[in-house]
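My structure is below; once you've seen it, I'll send some questions.
Letters are used for the chains, namely A, B, C and D, taken in the order the chains are written, and counting of residues starts over at 1 for each.
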Amino acid sequence: MMDLWSLEPVALPAELDVLRRDVRAFLAKELSSGRIAANCDQWLGGWDHAFSLRLGERGWIGMAFPAQYGGSAAGALARFVVTEELLAAGAPVAAHWIADRQSGPGLLKFGTEEQKRAFLPRIARGECFFAAGMSEPDTGSDLASVRTRGRQVNGGWRLTGTKVWVSGAHRAHAMIALARTEPRTANRHAGLTQFIIELPDPDVHIRPIRLLTGEHHFNEVVLDEVFVPNARVLGEPGSGWHQVTSELAMERSGPERILSTFPLLAVAADHLAENGERSSASRVGAVVGRLWALRQLSLAVAGRLEAGAAPAVEAAAVKDLGTRFESVVIDTVRLLSQVVPDLGSNRPLPRMLAESILHSPGFTLRGGTNEILRGVVAKELGVR
Amino acid sequence: MSEIIAALVATVREASAKQCDIGAVTACADGGWNAELWTALEQIGVTMLSVPEEHGGAGGDVAAAVAVLEVLGEYSAGVPLAETALLAGWLIAGCGATVPSGPMTAAVASPELRTRQEDTGLSVRGTVARVPWARYAHHVAVLDNGRVILLGRSDFLLEQGTNLAGEPRDDLAINAIVPASRVHEPSADSAISVQAFYGRAALARAALMAGAARRALELAVAYAGEREQFGRPIAKFQAVQQHLAAMAGEVLLSKMAVEAAALALDTQGDADVAVAAAKLVAGQMAGVVASLAHQIHGAIGFTEEHPLRHSTTRLWAWRDESGNEDEWSGVLGQRVVSEGTGGLWSLLTGAR
Amino acid sequence: MSEIIAALVATVREASAKQCDIGAVTACADGGWNAELWTALEQIGVTMLSVPEEHGGAGGDVAAAVAVLEVLGEYSAGVPLAETALLAGWLIAGCGATVPSGPMTAAVASPELRTRQEDTGLSVRGTVARVPWARYAHHVAVLDNGRVILLGRSDFLLEQGTNLAGEPRDDLAINAIVPASRVHEPSADSAISVQAFYGRAALARAALMAGAARRALELAVAYAGEREQFGRPIAKFQAVQQHLAAMAGEVLLSKMAVEAAALALDTQGDADVAVAAAKLVAGQMAGVVASLAHQIHGAIGFTEEHPLRHSTTRLWAWRDESGNEDEWSGVLGQRVVSEGTGGLWSLLTGAR
Amino acid sequence: MMDLWSLEPVALPAELDVLRRDVRAFLAKELSSGRIAANCDQWLGGWDHAFSLRLGERGWIGMAFPAQYGGSAAGALARFVVTEELLAAGAPVAAHWIADRQSGPGLLKFGTEEQKRAFLPRIARGECFFAAGMSEPDTGSDLASVRTRGRQVNGGWRLTGTKVWVSGAHRAHAMIALARTEPRTANRHAGLTQFIIELPDPDVHIRPIRLLTGEHHFNEVVLDEVFVPNARVLGEPGSGWHQVTSELAMERSGPERILSTFPLLAVAADHLAENGERSSASRVGAVVGRLWALRQLSLAVAGRLEAGAAPAVEAAAVKDLGTRFESVVIDTVRLLSQVVPDLGSNRPLPRMLAESILHSPGFTLRGGTNEILRGVVAKELGVR
């Protein structure tokens, strides 16, 4: 339990203020020119290739990569600042999201020199997008139970199986897939391997899994004896589980676990500033105060990442608290604005409210359900 | 945390563990004054933490004081360190005066307090309600219309009162001529204001709460591992595990908010949002943690003989002291309004 | 429930099960008009339930209509029975007029609606927003300044809109001369008022919500029993069991509130508190039930192809229609205030 | 699951209005004369022998007993009306509470003619109070694990063991204790027996278990070879489990599971009526609306009891919802009044607030924890 209590707050270094101002100025222009529009949950729903290219030009994708791979080795805190500014503005960041958050860092950590040269600079330019093939029809949050199999063949591997909930697979340039490459033993976590599958591929069949709104972000990806050359194995064969779980701290503690509904809150706050009554102010204040604290917590975890640690338990706590908060924002705005949510409205409040409500089930499911996350925390407490 | 502060905190933890018998049914844990601990803390040199050395303080920053308060909160320690160091000491040093020794407390004058300048000093009459630890304080610093009046024990009549945890919250009936040597004006560069006073009081309370909550969680974890029901430790029930994890999340969030707010107070001009958020989140946390801790402990935790109550009654008491959740969310809401259109994100990040 | 109503409800359930394919991805369940079901309901004789027989209705009381609405809510049925029977039918019959056949809907005139008496009838101009099912209604009953104006399909232009579940919520741009034969004044003994209209609309919505929530719960129970994770059905996880039980409690509470409010409307003069409480509790329930149902279903329930969305999108849509939780708690709060000192318990028990 | 959905609302018969008015008039006089004072959670904390006697005189204890045992066979709904009026007024009903709610009905259902004659009329007069010895140091909510043993001896039984959380044992005239009278078998619920132990008894040692407030309501009761004659066995030896659980529907669904903090809410409402602002009104309104619904649910369960059913699952749901609500009342009043809770205050709001907060842990523990109750409901749903 001590590890949890040794987390420390982070005061962002003053030099990041310059970076933040640059991002803000850029975003203000993007929004005012109408090139992008503010929306909620844009790291899932906002796919905009051209916007990603513009970010790439400015060096705001793959920031953590060393210079020889197209990055600036800027560190976790700089990435935090850029990311939170993008999310708070409701900018469309879905296209490069997985590549920037997971695949890129994974390649950097476990990839071969050739793989890094092949992918990282393109990722950083906003030219190459990744998908992550983890879940399967029967796995849910239990990743160790994957059934996709990798069979060694001449010069590489043949993968067969079905991945689900693969966001952006229909538009990505590559997918990193987790597959079982050794028979299952008592150690369920052994014998898994990560593969880089370049897309499109004639043996990879991608079908939409539409959200309840009809939106197409997720896919079912059927791998039908897909050939993956040895050069596209990521890291050590058999170490897939370790590699995947090492990403979790990064995946679970970022500002995207807090800010999915921030654009809605910002619109409500503007409303309030313009014509709010005292009691509404207090209710918005309650949400704002909690958000302030959650941001500090997320930032503190970024500080640990920056220091090279893998604060998986703290990250689980951030995600549990943060994703529940994202729905609290919805309820607060909904009740005090007394606006009927309406996807078809041309006013931002009813429209963002509708989008947020309809996306809300995903908040506490994606990246590990909150029940699973609390299990992770409970284990740290010594009671599991 | 710097190594110096870490060492200080470890020493305070040791002294607290020695002087505060967690299992004690009454005595120090019951709201009473823990003279031995106070002496130990004075020896360690933390009772004037964050008060500048040139004014008789121990130096250090608010972050260090908050770290110490978290430990004292864990141990339900009966000492007015928050009042002495972060409030009275701050007020007096902020006036450029030298802080006296011994335990102190502080209060903001109520509007009814009447003062009049007389030949022998300032005549002060009126009441101040629910002053923490007043009966044990050698001095009470009263912030009245921008100046700081330092009262001695003979300047007021005291009616004892307590909070839900039995800690002293005394009403003072003041009727005194206070000599000029104990009436101070803030220095030109001081940040002294009623708002700043309330903020520091709230932050101190939130730090104590983070500590008390951590203890309540630790007691619940330990109990869940020992107590058996339906043939196995209740820690094996997923419902209990989920409760404990929810508690840990709340405690972690509060702790981080408190420490980040202290950092903001130490480094920035405007820490209002930080302090308000820290007390707000602590208040939200207190209800969740206290109720889940009791739920996990079952009936036994609800008794006088179980130490859990030391932590939970403090959580209940403290969430309503120095402004409850509604009060601070009101303050934050007003900040949102005054920030104007498009200002929310700047307010949250502190960067414009 | 009387045996007659129980039989009626069973028949409606049978027809709904036949006409509403729960697994259907689109069609009726997607907010569209279910003509077959409407015809079946007309044949069963429930489309004018609670409208007195002497005015062309089917008789029966509000309790019976509410029982039918619960079933329709369960099946996400695309028919405006609430609007036809409980609102339009009630308005027309309350004026002593005879209700026309066919599906109807109803609305309260917005303040901007302009009317002028002309030789050929009443000139009516203006807009009415988000009228449920208007595009499928043969008549729209508009409550305007105490009188009831019955509009036909040719009296307005219609702009289609939908709620979160895709159900029709259309804006009407009215520009018509309505003959005197379609402009009615309430009878002397009628209870028609804007407040009564909103109350009935809210109660109807709450009844549909109780039904939708029951279906969401049943889907979650079934799914939890089938879906395996970590080697066993997720129903074996205590966290899932606790979620399901919490959902059941909320559904039961809402259902009882709705039915008790209907009873109050049928038997008492003052059912305002009952109706407000029913919609308030339904709104609170909707958020809990929808989010837990999705949490239990995991990602699959969040897709277009899973029937859960039919129930949850309706819960989300309906909680904000006819007054959300805040609106009705405001109404209740005002009743508490106007009741005066010592009046709360009388208000709750309805006994003075 | 169907049983749950067939619950029906109850319109209280008009004749009960007369009864309600009588109780109200009586209580108004009791309060205005200062003979009693309104407080929260008085069915635990408000022991007032004289008040119980006055209620007994009026026939408001043991109302369900037939006339030959001192009652009026008034039924569950009449009892509901009297009980809720007493609780809402914050009247001190603890003395006769267990006798009226559990022991009396248990005696009526399972007792011998002699036992009924011996106890019921005295209970109904408010002269004879009972305690219930169920929990043991290691049982908690798991009643089947009782270790107190009953050993058959000449003319009766000898009981040995320790009961805890026995409210009022130090002032009651009798205690009904559950004990194991046959060795434990695979069927954990078999072999338990209920005994009536008349108090005081030299072999019954009663020690206080003080609440965290220092209040003495609960006791540890040590049975040291206590002799219980055969005539004081309650019901069938070996049927104790069945007998105890049959009381649960009554014990879990009553208005006391909703109204423990009502006196606090009433004071807050008075405050509001006198000087409330609009936003506070809405927050009180939210609580009042939910309370209205909870009362209807509790009443519906009373309707089932009246009809002779044992709606155990519905009762579990009432208690889970109701006891959580009791704490919501506290938080609502606390936040909107911004009053510091103070046990020592002479104003009702700070004092009742303090009492309610300090008593609140008990709400969701007594009579089965909420986790256990949800387990009962889950079982009915078919998932346990």
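Definition applied: contacts are C-beta pairs under 8 Å (C-beta built on N, C-alpha and C of every residue); 3 or more make two chains touch, one makes a residue touch a chain.
Keep in mind the model is a prediction, meaning the values are calculated, not measured.
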_Which option, A-B, A-C or C-D, should count as the same interface as B-D once over half of the contact pairs match?_
A-C
_Pair joined by the larger number of C-beta contacts - A-B, A-C_ = A-B
*CA centroid of subunit A to CA centroid of subunit D, Å*: 51
*Using CA atom averages as chain centres, what separation in Å is found between subunit C and subunit D?*
38
*subunit D: positions in contact with at least two other chains*: 278, 282, 371
*Interface hub residues of subunit C, defined as touching at least two other chains*: 237-240, 242, 325-326
_For a test of understanding, state which residues of subunit D touch subunit C in their complex under the given definition._
1, 4-5, 7-11, 17, 20-21, 84, 88-89, 262, 265-266, 269-270, 272-274, 276, 278, 280-286, 288-297, 299-300, 314, 317, 320-321, 371, 373-378, 380-384
*Interfacial residue positions of subunit B with respect to subunit A in the complex*: 1, 214, 217-218, 221, 224-225, 235-236, 238, 240-242, 244-246, 248-250, 252-257, 259-260, 263-264, 267, 273-274, 276-278, 280-281, 284, 325-326, 328-345, 347-349, 351
_subunit C to subunit B touching residues, read off their complex_ = 237-239, 242
_Could you list, by residue number, the parts of subunit C that touch subunit A in their complex?_
130, 161-164, 227-230, 237, 239-240, 287, 290-291, 294-295, 298-299, 301-306, 309, 312-313, 316-317, 320-321, 324-327
*In their shared complex, at which residues does subunit D touch subunit A?*
277-279, 282
